[in-house]
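Two complexes follow with chain A in common, the first pairing it with chain B and the second with chain C.
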Partner chain A sequence: MNFLSDWSTWFPTLLDGLSLSLQITAISLIAGLPIGLLLALMASSRLQVVRVTSVALVEIGRGAPTLVVLQLFYFGLPSAGITLSSFVAACVALALTTAAYTSEILRAGLQAVPSGETEACQTLGVSPLDTLRFVILPQGLRIALPALMGFAIIIFQATSLCFTIAVPELLSQAYSIGSSTFNYLSVLALAGLMYAVITIPASWLVGGMEKKMSRHLAHVH
Partner chain B sequence: MAVSTLPKQMVSLRGVSKSYGDKVVFRSVDLDVAAGEVTAMIGPSGAGKSTLLRCINMLEHPDAGEITIGGKTIAAGKSTSLKEIEALRRKAGMVFQHFNLFPHMSVLQNVSFAQQRVLKRSKAEADKRSRALLDRVGLADFADSYPARCSGGQQQRIAIARALAMDPEVMLFDEPTSALDPEVGLEVLAVMKELAKEGMTMIVVTHEMAFARDVSDRLVVMADGAIIEQGDPHKIMSDPEHPRTKLFLRAVVGR
Partner chain C sequence: MEHLQAVILGVPLTLLITFSSLLIGAVGGVPLVLGLRSRQIVLQVICRTLVDLLRGIPAVVWLFVIYFGVSIGAFQFEATTAAIVGLGLVSAAYMAEIYRGGISAVHSGQWEAGSALGVGRWATFSRIIGPQAFRVSVPSMTSYGISLIKDSSLASTIGVTEIVFLTTQDARSNAGGLTVYIIAALVYLALSIPLALLARRVDSVLRKKVSR
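Coming up: the complex of A and B.
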């Protein structure tokens, strides 16, 4: 049972890494989701310029591999005179990726609200802004919630890419322990386990939520 | 000279036209509805009845013509601000075929929401009015339920209460019973009859021939993108002039 004593030695260091991974995930979501919502709303604007801008930003954001975006913000921007710490670069890059991906999820959620309800608001004289705020958003966000949770799991896993820009998150910590002990298999297995302890219960939660949502939707209409 | 005692025109359409691309829905329609009058619009599917109704409150923008509700006029073709359109819509309440209630709000909230946001009534004021209206449509006990818990007939009566809460001068009904079982539709028709008796101006697009004959003051028959006949419902039902009306009535009444 040699590996168990190794694991207990490494665990505190890896836990620090995990905490950093979770912080990056949280910041990316908190900063990225509002931008995603803005892009989703822009996509259904009456002005073509606004629509095209939204589509272009989303396509670039989704088209560029996350690893490339990370590298760009950390290694690329200094050449343009902007230097970000590895942590900030990671948060910015992942927030923008979050914005691009979630805008599509949110757009689908908002569009799933029946247009008849918008018409009802129009006939009642409710302003477009109030219609969005009180009718479309509360329902659209609820519809989008399971998919957003699923995306949060993916972005948490994507924080492991931050190891390439020297952010001391979970994978970096595991890698540095591996390079000093040459026990790569054991330490990476522990790191993998720690990712799974977060992601597997989270996906159960999403599954449960999806089931509940479909029940709710079947109930209406 | 005697002062005119003609009833006030509540709704009037002048030369209203609408097409989608090449397809003409209706061309240059004129229609007058007096205050307190109940007008039923019948006709075959695709005649443009619903589209015409939706043009009255600008849910569809007509290509040409003028629409007046309660003295407020909007002319098609000219650029019209959302404020003007909202002022026109404020005068008309609308009831849809599929109710279009807000499923995430309670029945009470459905009726109170626009009163608070648009008419700036306080929550207490709005709820008081909503409860009175729900009572009037026979749903006082459902105030705290959600629409999904209500039958189709109940949902449509909630939708009527929601429209009435805005104190409209005219009520537009777009096939209000078409999505309902015939038996359930009767509850809705009863509420509409009550409204008509109280003197509400109503324009009703419907396939309910009994309602059109017995409740409406005037029958408007639309076919092929035009009003082909209008007048006393009993007269048209028993002795239609236009051959197209005859054909339509034979199909819906004589079955």
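Coming up: the complex of A and C.
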């Protein structure tokens, strides 16, 4: 079992890469979700300018490949006088991608809360901000949760693109081991399994959550 | 303008990769979904594992495995072929899940009706359930196809000269800077918007057929 000894030699290096991938995922989600929420709220604004801005930002963010957004921040911005380190560029780019995608998910979640609740709050004299904070958001976020977790898996997979801007995450580590040992297949297989060990159980979790949350629909047909 | 010219040369390869891998996915998804629904446990487990791995491992990793990892004797995949095969395999897994959703959307009473009338299991599937499931699957298939346009940009990582590859090249050599990336983003939008409109038309035509 020659490859097993190879794998145990490479494993610590790849684990460092994996931990960096997870850090980028966490930062992108933490920074991106509030922006996504803001964009979602802007999309239902009464001012047309605000609505159009939100839709335009979201459509561009979702329409451009993540690879283009990443490279824009790393290779493109220096020409505008802003130079980011590769790690920061990766976090900023993926946070904005997160914002664009999650704003659609959050918008759907907020819209799923019956509008009668907003009207009830109005009638009871609850201020719009309190209505949002205590009535709409808690329910809307709960509805959006499975889809948001599904997106978290996607953004974790997308961190593998960061190797194009020289972030030493999991795929970069695997590739550099591959190019020095010429044992690409073996090291890439190990890296692939390390991704799968996280994404596959996570997707089971999301599936279970979806099932649990749609339980009340089971008898309606 | 010169930046736009540089970027637009990548459009044919982007489209070639997108459509070829979509075709491989649409065809390859069928045996996979049959395996997922098979009554033979072994076949079911194999297909489930395959689909989970294809979807769980990032597509770039698959491209790298196929391009750098696979060498049978002197044979190695050429970059464009590797990209098409890799994205095609990943698409097949996603398509299998889409088909599975479509099949379960067809009321199970139709299976029972088929068996009550003495129609075989395969004939029930291929003549009754399948066509309806396909129509249900079309919207998800087209939105997957649109996301595949963007995923085809992964081919640039193994040196295929599609849009992103040419964009990066232009940014480095001709000081394209920010402009060329924004142009590239707009080109992707310009490619996906007509497809989205077409998809909506196809869907409404199919919907009319079902409701009649």
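Convention: the second predicted complex is superposed on the first by the 215 of 221 C-alpha atoms of A that agree within 3 Å, B and C clash if a C-alpha of one lies under 4 Å from a C-alpha of the other, contacts with A are read in each partner's own complex, and residues count from 1 in each chain.
Simple rule for what comes next: a residue touches a chain if its C-beta (ideal position, glycine included) is under 8 Å from a C-beta of that chain, and two chains touch if they have at least 3 such contacts.
Quick caveat: nothing in here was measured; it's all calculated off a predicted structure.
Contact with neither chain B nor chain C is seen for A:V52 once the two complexes are overlaid on the shared chain.
Of the two partner chains placed around the shared chain by superposition, chain B is the only one that A:P138 touches, whereas chain C remains out of contact.
In the superposed pair of complexes, A:L205 makes contact with neither chain B nor chain C. By the touch criterion stated above, A:V68 is placed in contact with chain C alone, chain B being left untouched. More residues of chain A lie in touch with C than with the remaining chain of the pair chain B and chain C. Of the two partner chains placed around the shared chain by superposition, chain C is the only one that A:L161 touches, whereas chain B remains out of contact. By the document's definition of touching, neither partner reaches A:I30: not chain B, not chain C. When the two complexes are overlaid on their common chain A, residue A:L15 makes contact with neither chain B nor chain C. Residue ranges of chain B in contact with chain A, taken from their complex: 57, 59, 82, 86, 89-90, 92-94, 96, 98, 100-104, 113-114, 117-118, 147-148, 159, 162-163, 166.
Against chain B, the residues of chain A that register as touching in their complex are 114, 116-117, 119-128, 130, 134-135, 138-139, 142, 219-221. The touching residues of chain A, counted against chain C in their complex, run 59-60, 63-69, 71-72, 75-80, 157-158, 160-161, 163-164, 171, 174-175, 178, 184-185, 188-189, 191-193, 195-196, 199-200, 203. Those residues of chain C that touch chain A in the shared complex are 52-53, 55-62, 64-65, 68-70, 150-151, 153-154, 156-157, 164, 167-168, 171-172, 175, 177-178, 180-182, 184-185, 188-189, 192-193.
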